[in-house]
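Quick one: this structure, given as structure tokens, is what I'll be asking you about.
Chain lettering (A, B and C) follows the sequence in which the chains are written, and residue indices restart at 1 in each chain.
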Amino acid sequence: MTAILEVQQLKTRFKTDHGKVAVVDGVDFVIRQGETLGVVGESGCGKSMTSLSIMRLLPSNGSPEGKVLFEGKNLLELTEKQMQKIRGNEIAMIFQEPMTSLNPLHTVGKQIEEAILHHRKISREEAKKRAIDMLKAVGMPRADEIYGEYPHQLSGGMRQRVMIAMAMACDPKLIIADEPTTALDVTIQAQILELMQELKEKTGTSIMLITHDLGVVAEMCDRVIVMYAGQVVEEADVKSLFEDPKHPYTIGLMNSIPDLEDEREYLETIPGSVPLTHQMPKGCRFAPRCSKAMPVCHEHPPELLSLDDHKCRCWLYVEVDE
Amino acid sequence: MFVLKRLLLTIPILFLVSIMTFSFIHMIPGDPARVILGQEATPEAYQALRQELGLDKPIAWQYVSWVGKVLHGDLGISITDRVPVVDLIAQRLPATVELTIGTFVFALLIALPTGILAAMRRNTWIDYTSSFIALGGMSIPSFWLAMMAIIYFTVENHWLPSSGYVPFFQDPKQNLLAMILPCIATGLRESAVLMRMLRSSLLEVVNMDFVRTAKAKGLNEVRTMLGHVLRNALIPVVTTSGLMVAGLLGGLVITESIFSIPGFGRLIVESVFKRDYVTVQGAILVSAILVVFVNLLVDLLYVLIDPRMKAGKGADS
Amino acid sequence: MKSLKKFLRTGLGLIGALIILALIFVALFANQIAPYDPNAQNYDQILMPPNAEHIFGTDDLGRDIFSRVVFGSQVSIKAALISVGIAMIIGVPIGLFTGYYRGFWDEWVVMRIIDAMQAFPFLILALAISAVLGSGFGNAMLAIGIGFAPSFVRITRGQVLSLRNMEYVNAAKSVGVKDMRIIFRHILPNALGPIIIQATLAMATGILAEASLSYLGLGVQPPTASWGSMLNQAQSLMSVAPYATYYPGLAIFIVVLGFNLLGDGLQQFLDPRTRK
């Protein structure tokens, strides 16, 4: 399979009161054609900033460095105008908050149509037909009526379907979904995930799925990267990640998933929280919270190592000659 | 639902406005009839005026009969001119309405582009300069600005007339020429207020999620601004500009005096100096009712701009 | 760059404060600063354009315009303080109590009265009040103060509404602190920021309003020098002595700008949303 997106040494820095801080710090990964890549981590670990860096939609005080190769073109070197031809057309995004991600003053139909008209040279009627078809494709009942309705008339799940319809409207090659189900009820979550899976199989789009929910990853993804404090700490295909997690952080995340068949009395948690970007530990960034931390962990940052089918950033897997 | 509630809410306001206006004559220290006529008036004239103003009756009865007359469009007879106050006001209103519209158009012409530009280029020198100029615009006394304009455009260069108002339908060209300076003099302050409001409202909307969605569709900055940000940002601005009408009517009192425009504001000033309290009373009542109705209209306009209002839901959903 | 921008934002407020300090200084030492008696008429020197002796020129009664502008600052500063003082004395307590106790009085009496009062155009209301009370500085102040009061009720009430359910207020209530003490000790100090901003901005409007009333002939009465009444007298001479209109207006503009800059600066400083 060919790579559709290759991110190399992505470093995104923000100008803040504490000077320039890197919220994404040397991230590498690849998304192949038709593949779903999961990006997992706690909030504040740089997942969303990675996706906004790819789309170049960062707040004005943030700037990305490195390479984001989309079909071989480095997106970070494109002009804003060239980038606008890619956004919504070749790479589309689905956001976390369906309640606020739609413009309250326009009908949902118009909002889907807008994306189509912007990227395709077709007539208004054709665009309208396409928008209604998209609403049908995302499983909306009464698509013709919904076309003329306003976001506030729809439920959260329906709004997220609209967002998906909007994202799929121009047949993008890659969809970046940033926590697409987090704001929804559990039953609706399953429906939305199922819909995304179905559409992906139909169209062959690649998906970058950002989530903090390992359950969603297990269900949806082919491969996973685990991010911590702006860095990739583990990368593996979904099967080996769940069967044999390497990084103590990944293990911690897995142990904190509640499980019905579980006989544990307490749910495990990872003590502490993600370090602030301007106060990064000088060794391994996870060391202060890690139960297996060794002296070396506090002194030197580990490299991302390749181990069989895994990549992992941890001193536990380094043979140190002493 | 919202419309009905909003309509009902104007009733207590109008009621209180009527009480306040009614009390106006009774706020005159001492005997209003005596104050109006002066000490030299004959006892007959004094008694006649007391009767005309209804001052010989109990106060509640006076109020009810006054409101009754007002509801029939009778605001009393001017003390000095001996013509119905309604006629006086009706004569003067067209010029004021024209000035109000002209001022708003001028203010919008300035405020819309500068407000949008300042918001799009926030925290740059464009933003700082325009914000500073706006504060300056808010600080210039309109009557002084009017004088400076007259000195420059009329006294020194004879470019524009500083007086000579004629009704629009009599001589449109002359009318519009005479309106330019007054509209600029009053509108500068309003444009500054509007621009500042628009800027902060735009900046609030710019950070909303749906704006990011619009950008993720591939829209450029201008299309995002005009298609998604502006309309949302205008909602609070429209409401506040309704409130601005009150300030504007007040400002016109002065502008009309300087440019000798026979408008509603000048009528009030003239009547105050002539101690024609009945006309003053009628005029302030009309001005308050105008403000109440403009604000009602603006709130109802909401329903057209914001689809969320139709469903009776608040703007927060 | 960051600090330069920060300075531009708050530095403008500082300039505003300096302008106000200068105004206070001029008003306090008017006797020392003014070269002439502001009311001394000199028929030998009528309508003199600005010159070495009279740097702003003289008016139609031969009075020194510079001296009159200097003494006019006293009127302006009094206008700012008295009108806003009256408005605050009326508005702040009403806002505090209605916001704290809510209920029928708040919803159906006070707020509706405020709505009705704000339906009257401010300057027209002030005009009408000074019409019935008679012209003069004191009545003009009363008129402007009453006109301002509703905005103070609103801003105070809004603050109290957002503060009355704060945890520290609930905590004080739960240990039996009396309402009066809660209102004045716990709520008022925390509501003060926006009230002070409002007061600063109202002073700007107050000076403008006093000048407007005096300009119309309803405020300060002759021969007292006030910027508004100076403009009133200069207006009829606009074609012969335009300079007589320059300086009083410029003085109003600068002083009002000072209060607006300070108010705006305070707002930037106190409102975390605009402080970035």
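Observations on the structure shown:
Operating definition for what follows: a residue touches a chain if its C-beta (ideal position, glycine included) is under 8 Å from a C-beta of that chain, and two chains touch if they have at least 3 such contacts.
Bear in mind the structure is a predicted one, so any value in this text is a computation, not a measurement.
With chains as nodes and touching pairs as edges, the resulting graph is an open line.
When chain pairs are compared by their number of contacting C-beta pairs, B-C comes first.
Chain centres here are means of the Cα atoms, and by that rule the chain farthest away from chain C is A. Here the CA centre of chain A is 54 Å from the CA centre of chain C.
Our note on geometry: chain B versus chain C, Cα centroid distance of 21 Å, whole angstroms.
We define each chain's centre as the mean of its Cα atoms; on that basis chain A and chain B are separated by 53 Å.
Those residues of chain C in touch with two or more other chains do not exist in this structure.
For chain C in complex with chain B, the residues that touch the partner chain are 5, 8, 12, 108, 112-113, 115-125, 127-133, 204, 208, 211-212, 215-218, 231, 234-235, 238-239, 242, 245-246, 248-249, 252-253, 256-257, 260-261, 264, 274, 276. Interface residues of chain B, counted against chain C in their complex, comprise 12-13, 16-17, 20, 24-25, 27-29, 123, 128, 132, 135-136, 138-141, 143-144, 147-148, 150-151, 155, 200, 243, 246-251, 253-254, 257-258, 265, 268-269, 272-273, 275, 277, 280, 283-284, 287-289, 291-292, 295. On the chain A side of its complex with chain B, the touching residues are 55, 57, 80-81, 84-89, 92-93, 95, 97, 100-106, 111, 114-115, 118-119, 150, 152-153, 163, 166. Chain B contributes residues 208-210, 212-220, 227-228, 231-232, 305-308, 311, 313, 317 to its touches with chain A in the complex.
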